[in-house]
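Structure, as structure tokens:
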Amino acid sequence: MTQLTASMVEQVIRQGVPMAEDIDLKVERIDAHFARARVPFQAKMVRPGGTLSGPVIMSLADAAMYAVVLGALGKVEMAVTSHLNINFLARPKPEDLIADARIIKLGRRQAVCEVVLFSSSDEDNPVAHVTGAYALPM
Amino acid sequence: MTQLTASMVEQVIRQGVPMAEDIDLKVERIDAHFARARVPFQAKMVRPGGTLSGPVIMSLADAAMYAVVLGALGKVEMAVTSHLNINFLARPKPEDLIADARIIKLGRRQAVCEVVLFSSSDEDNPVAHVTGAYALPM
Amino acid sequence: MTQLTASMVEQVIRQGVPMAEDIDLKVERIDAHFARARVPFQAKMVRPGGTLSGPVIMSLADAAMYAVVLGALGKVEMAVTSHLNINFLARPKPEDLIADARIIKLGRRQAVCEVVLFSSSDEDNPVAHVTGAYALPM
Amino acid sequence: MTQLTASMVEQVIRQGVPMAEDIDLKVERIDAHFARARVPFQAKMVRPGGTLSGPVIMSLADAAMYAVVLGALGKVEMAVTSHLNINFLARPKPEDLIADARIIKLGRRQAVCEVVLFSSSDEDNPVAHVTGAYALPM
């Protein structure tokens, strides 16, 4: 397996998930079992009341999970999300949204991940907390 | 409370959630505690391998939940998703994706909903199953 | 594969899960992709306020999921719950608790199930709604 | 509000949840937004194959969530679990099971918690990961 860099992971995701292109997804860091992804703020994502919409939050969480799996396993195009659970905790601010994903458990059949999302100026006050599982090719 | 029609619900969602506009979300039916929403097929949503991406599925599920809550309660702009759990069951086909949402429990504080998503030509083989909760204004 | 009857499924579960014995678990019906299980009311299960405790509800849900998988696949001792998501909807009454489980999707690698739990005198007012996945031996 | 000690929290839970008594639940530590609970190993909890059963794991997770909420808010008997999501990660060993719970978000209406469970000799290899929400009295 070739270790993928953050920019290679970003490219794989953008090619594979058209909505990642729409939200201008950035993959900023890939470490062992860790990934950071970002959605740069765009006015068009804003809901009435001034917050980012649920779909943007979920799209970023899903992309960050994919990023951390790609970082750990290399290019596994057949891996698919089998399950995702999200708790919305606070309204995001009208600014960049960041997602830190880590692998909780890398098994033979699935990778279970956790993603914490927060507004870029307020790291200690998470916007959403996600757990999910990726089914791995066997 | 004024009962909202399907097209009024569609309009409220499109105004509130910019991504609903991107995926050309349709609200087709609003009944008591039931809603049907649809994402018309667009080539740009397709992943390599020919299926709709996870974010499209989650965006439609979230919109269908919002639709069923709007249908039951009228225009409640302050209602927000507090929690969403999704099981991905099968790859969607490259065709319209439909979401049938129903309210399992309408409480004072929250509405708990279930959404079943399927490809338009294959109603008996769900693509995803979602449960979620909407926190209601009090 | 030998098709298991409801009483055979009950026996397998009671042998495998000691807590099933404690709550006097009954398996009442096994159909294709459907199972009904019951916890007879016992005073010792009651919380202050007169309702059954969360662990009783979760134990019954887990047993009903196991029952429906055993009913569909025969005796698969190595099958394990990989994920369970529960929404608590209403306080159960101080009476028998029933769980209706069905398989939403039987795949090669996992069975995704849905369980609806209700008090025996009030079938239309669910106490809890559960989705979960069973990892299947391969 | 009176700050509760670990032994006071243990007593409240044992009085409120009969199954906590059955599994001999211990509350070992209560800090700000953190709680540790333990189930001492008992042979009767063991499944064929030598692991603790799912209901024991879920009962401990639920108790640890209740403990961390009691620790943060004092005696709130009307608080109830509204939602619980569990990923089973590894088979527990035949030994004490420990649950570390923390509050991710303490809102006005609900407390969202995370619980990590592990066998007492193997802290780095979690057995299960749980997120859940407690509805708070208002």
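Order of writing sets the chain letters: A, B, C and D. Residues in each chain are counted from 1.
One rule holds in what follows: contacts are C-beta pairs under 8 Å (C-beta built on N, C-alpha and C of every residue); 3 or more make two chains touch, one makes a residue touch a chain.
Being a predicted model, the structure only gives us computed values, none of them experimental.
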Weigh A-D against A-B on C-beta contact pairs and write down the one with more.
A-B
Same residues or different residues: which describes how chain C and chain D meet, taking over half shared numbers as same?
same
Just grab the chain with the largest centre-to-centre distance to chain D, centres being mean Cα coordinates.
B
Starting from the mean Cα coordinates of chain A and chain D, work out the distance between those two points in Å.
28
Quick check: how many Å separate the C-alpha centres of chain A and chain B?
21
Interface hub residues of chain A, defined as touching at least two other chains
82-83, 85, 87, 133
Given the complex, residues on chain D that touch chain B span 82-83, 85, 109-110, 133, 135, 138
Looking at the complex, which residues from chain B come into contact with chain C?
85, 87, 89-90, 104-105, 107, 112, 114, 126, 129, 131, 133
Within the complex, which stretch of chain D touches chain C?
15-20, 22, 44-49, 53-56, 58-59, 62-63, 77, 80-88, 91
